[in-house]
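Here subunit A shows up in two complexes: once beside subunit B, once beside subunit C.
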Partner chain A sequence: MKVVNIISSYNSEFVEQVEEESGQKLNLCYQCGKCTAGCPYTDEYDISVSQIMRLTQAGQKDKVLQANSLWLCATCESCTARCPNQIDVARIMDVLRHMARREGYSGSGRVKTFWDSFLGSVKSNGRVFEVGLLVNYISHTGRFWTDIGLGPKVLPKGKIHFKPTEMQGKKEVEKIFMRFKEESAK
Partner chain B sequence: MNTSLNFAYYPGCSSTGTSIEYDMSSRAICEALGIKLTDVPDWNCCGSTPAHTVDHSLSSALSARNLDHVASMGLDSCVTPCPSCLANLKTASHRMEDEGFRNKVNKLLDKPANTDVETKSVLQILVEDYGIENIQKKVVKPLTGLVVGAYYGCILNRPPELMQFDDREHPMAMDNIMEALGATVVPFPLKVECCGASFGIPRKDVVMRLSGKLLDTAEEIGAMALVTACPLCQMNLDMRQNQINNANGTNHNMPIFYFTQLLGLALGLTEKELGMNKLCVSPRTLLDAMANGEILKEKAA
Partner chain C sequence: MKIGVFVCHCGSNIEATVDTAAVAAAAREFPGVVFATDTMYTCSEPGQDEIVDAIKEHNLGGVVVASCTPRMHEQTFRRTVERAGLNKYLFEMANIREHVSWIGKDREANTNKSVDLVRMATEKLMRNTALQSKKFDINKRVLVIGGGVAGIQAALDCADGGLEVVMVEKTSTIGGKMAKLDKTFPTVDCSSCILGPRMVDVAQHPNITLYAYSEIEEINGYVGNFEIKVKKKATYVDWKNCTGCGICMDKCPSKKARDTFNEEIDFTKAINIPFPQAIPKKAKIDPEFCTMLKKGKCGVCAKVCPSGCIDFEMKDEFVTEKVGAIVTATGFDLFDWTVYGEYGGGRYPDVITSLQYERMLSASGPTGGHIKRPSDGKEPKDVVFIQCVGSRDKSVGRPYCTGFCCMYTAKQAILTKDHLPESQSYVFYMDIRATGKLYDEFTRRAMEEYDTNYIRGRVSMIYPKGDKLLVRGADTLMGTQVEVDADLVVLAVGAEASVGASELAEKLRISYDSYGFYMEGHPKLKPVETNTAGVYLAGACQGPKDIPSSVAQGSAAAAKVLGLFSKDQLESDPQVSIVDIKRCIGCGKCIQTCPFGAIKEIDFRGMAKADVIETICQGCGICTSTCPQGAVQLQHATDNQILSEVNALCQF
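Now for the complex of A and B:
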């Protein structure tokens, strides 16, 4: 078990910020562990979701925002649906990711790269272009063999398109991303 | 049943690609039932999970542009087949009731958005607005003999305070529809367990484990097929079923239908209209056996 000296490292601003951005009361968590018990991804996590909750209560900003778990949560909402104190735990995980991104704890791993490739596709096409997304992901990870085996099975189904679908307002969508970037820089 | 069911229809990106058969069958059954769907003009991606992991105002801005288009159609309700689109559109409407958040989102848009729109899933309008008993009256080819499990996935009903539909742990909407169509429904114990979501590309190992467990369980309880209501769930279980078999040393050959496809069959629509040929795990043998009543004979024997 990890021991954390909260007297020297308690960051009250961090606690307030998480509460404000998530709209949740962290004190309501009494560590029953139900979120972790139901989390389908807990085997992949470096810090379980109930421990993330405890470390967040205890103001352990660095430990929490460095956790790989943040980038392995798929927002399946099991934790939120099952919390006996009605804490929206999945929303807290979301807010922690936002903070980690903003504060340069860039996050690691292929899931984040995939998410970023997905949004890149939305930004340039207004809609997700599945083949473009895959190519972009591969170019960022070098994992050129990704899903190559699916080709023979899926291509004849006529579901995969090699050109993005056209939408008129794609510039409007691109502007949403650009304004978001400007607002975030303020 | 409401006599004039008229909704804006938000297909979502996967409807134009990997879940085209969900889109085809959703449109076909609504037409057959007299539910009018009009496409949201020039809709954009809702941002799905990736957007809300970056920022909630970004995610809601992407959804708000679509909701505003719905409002400008003169409609106040929107329907989508996809649970992820559903969650994002509903979240945006809900959270933008707060003025501070609303202003933050509107700053990202060309013009302030009217988001006073109610969004529902195709499943939800069938159950709540059309009524299962009315669906049953339209059945011309009952799914007699088909033993099926209903798999809902994780976000169709969750978070419960937002989704306001069915039960968070033990949803029954699809079970009840399948039963009304004449199928035998086996209770599926993992109906809301996550399939691995969008991790198929970045962390295939996780999908192999989670979706593998779903297929193993479906097989154990004697289901001949699963019905789903989510493009991502369906894709993981169907398109990746071979990968799962290879990774886990299993031998599943289980058709994974969208519930709208089986509903369409029972309404007498053709396999072509319902995109049955788009499924990766072929339902051919099962569909033929159902059509010829062979399953029943086998059962009786």
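Now for the complex of A and C:
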């Protein structure tokens, strides 16, 4: 295991940026572990949420932004709801995701492809069109057999449509994407 | 008046951001000032000697010290000027530390503000008059409020010191929280074996009068002469004749009464004696559960009582006691843990509090000292302890550390193994706080000798799984989520201010912090005093405390009372209101507004006039701002003195 030099590896800009964008004070965390204890995705995480908090406090930018956990977080906000120090942990996870993407970390390639496919589908259909998402994701990654086991379970329930369903407010959703594009260009 | 001004550096506390030499130089130009200097530490012995020498050399008539808050050193400097032969009220203090140097870094602005404060002080000083204290007799009896271990210690120490003690206890027995404990850490000696004899001492001591099942209704008076109205709640049993035989309790058919002594893990009878070693060992009826008092039918206890003590007509009774000092030892209560939804919020019978577990461990408890799951009465195998429930948690408004839960949890884990050798205990903790004598060794013993499994992390979920409870938490040292299938979960519930603490504080006229714990006179130097003369604190009412600290404070409070009573007379504070009889029109408004009842109406040549009873007046000044004639003036803070300060400040 690598020795971490607490002083030279501390990225103060990173810490300040996380605090500013999230509006949370990282030093409030005293590592009780309640966020990890309640996190429903811990078993899939490479770094547990309490350790993400500690690494962020310690300014370990690369390690944090490379974490797969950021992309597996479902923003269920159990961590936020239970934190005894009232830290909005889910908000910090959100900020870290944004930073990772902005700065080209974006987890492993498949994670980025999935998120792009998902958001692309929402942008053009107003909501996610599962089959479209699947085709897009598979064509970019070549993972033909991914989640194939789910097919027999969901097909009989009528959950899979082969054409995007029409929905109200499609235009409004598109506007959100437009506004995001405009504001992020500033 | 010739005035001397001393501007203190307070080391670098003031000098770092205030040019004290410049303040002294500016002061030399003020009217009346004949001497001004800056000194390193004015409160030190050479600093005080400098004041004494200057008074003599320059024939000073008054002194201003510009330094810290008067709460810190006003008494010190008053004694200094008195040593030099001046009246102690010919002294003024300008606070240039708390009000200036500690709150700003701008040296120029700070220096200017300090000059203003010194100018105000000199202007007021010129209008000061010599005031003389009066002596008054004191009543050498002491009231102890609360009969827990701290109150017991204070009462016994005072009584052994020869004082008459009145103890008032809210519940029907003394003993407090300690009486509910099975064993005590770090010695694992039996709690009731060490407390019991002390409780008996209280009952038998010729100097102690005990009012159990009583509350403080009203407190009047002042240090040396308090008048206390005690409400003796109706017990429906004549305690003079009750022998505590317990036949009434055996025969009472109402079996579902709330058992507060046993933390409600079981029921008691409507007529009950809380526990076998209760002091006083007398029965009382809980009217909420008594069929006779509710429906007018039953009366079994009255029929079986061999001494005919039952009196269903009994009413609350009030008695008045006169004392000279009060020791407050009202203790703490437990945090209501049911706000934690993740621990079940009270839905699961096998999630219990640490104090409930303590009753279960106790041989005199409802289970006879056997550990049983409340749900099915089975012996548990895997017992989970969760620490910091209502401690160190901002989200429930309890950011403080209760301080003794780490220790009692280790004790309970050890006792669990003693009672059930096949069992395994798990402790979810954040940090182990074991800073007392032999405390850390004790928690280590729980781990090393009793194989208690300490898991560093909090718990986020408890839910039923078959007849077990699944406890999901984190092990932050492993960096993973962990699960334990538990038979019993014990919550280390934190302490909070006792119910009714703030109401009592208002009656005592003492202050309390934002959590309801009483404020000590000084966090380090006056731990058992309050800011109200003659009122002292002992035990957990001042903040969560373990038994040794509570006992130490009980003794400390007793020492303070004995010290106070070592004199036969006390000096009254001359900073009281006086009435200018020529100006008074007898309207009586001051009499109505005085919160202490210190002003009475007198007849002066056929005219109504107000008159202040000096020993009762607390110098609050409400009457002076009420009086339409300006006839009532508070000594040492007269209208003229205050206006001279305003003029000094607003001259430009």
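Observations on the structure shown:
Here is the rule we go by: the second predicted complex is superposed on the first by the 138 of 186 C-alpha atoms of A that agree within 3 Å, B and C clash if a C-alpha of one lies under 4 Å from a C-alpha of the other, contacts with A are read in each partner's own complex, and residues count from 1 in each chain.
One rule holds for everything that comes next: a contact is a pair of C-beta atoms (placed from the backbone, for glycine too) under 8 Å apart; a residue touches a chain by one contact, two chains touch by 3 or more.
What you see is a predicted model; the values in this text were computed from it and never measured.
Counted by residues of subunit A touched, the larger count belongs to B, out of subunit B and subunit C.
With both structures placed on the common chain, the touch criterion links A:33 to subunit C but leaves subunit B unconnected.
By the touch criterion defined above, A:110 lies against subunit B but remains apart from subunit C after alignment on the C-alpha atoms of chain A. Contact with both subunit B and subunit C is seen for A:78 once the two complexes are overlaid on the shared chain. By the document's definition of touching, of the two partners only subunit C reaches A:51; subunit B does not. Touch criterion met: A:98 reaches subunit B, while subunit C stays clear of it.
Taken together, the two structures place residues 78, 82 of subunit A in contact with subunit B in one case and with subunit C in the other.
Those residues of subunit A that touch subunit C in the shared complex are 30-39, 42-43, 47-48, 50-51, 78, 82-86. Against subunit A, the residues of subunit C that register as touching in their complex are 342, 388, 392-396, 430, 456-461, 472-476, 479-481.
By the touch criterion stated above, subunit B contacts subunit A in their complex at residues 13-14, 16-18, 20, 42-45, 47-58, 61-62, 65, 104, 107-110, 154-155, 158-160, 168-169, 192-194, 196-204, 206, 210, 239-240, 242-243, 277-278, 280.
Per the touch definition, subunit A reaches subunit B in the complex via residues 40-41, 44, 72, 74-78, 80-82, 88, 90, 94, 97-98, 101, 109-111, 113-116, 118-119, 122, 126-128, 130, 134, 137, 141, 146-147, 149-150, 153-154, 157-161, 165, 167-170, 172-173, 175-177, 179-180, 183-184.
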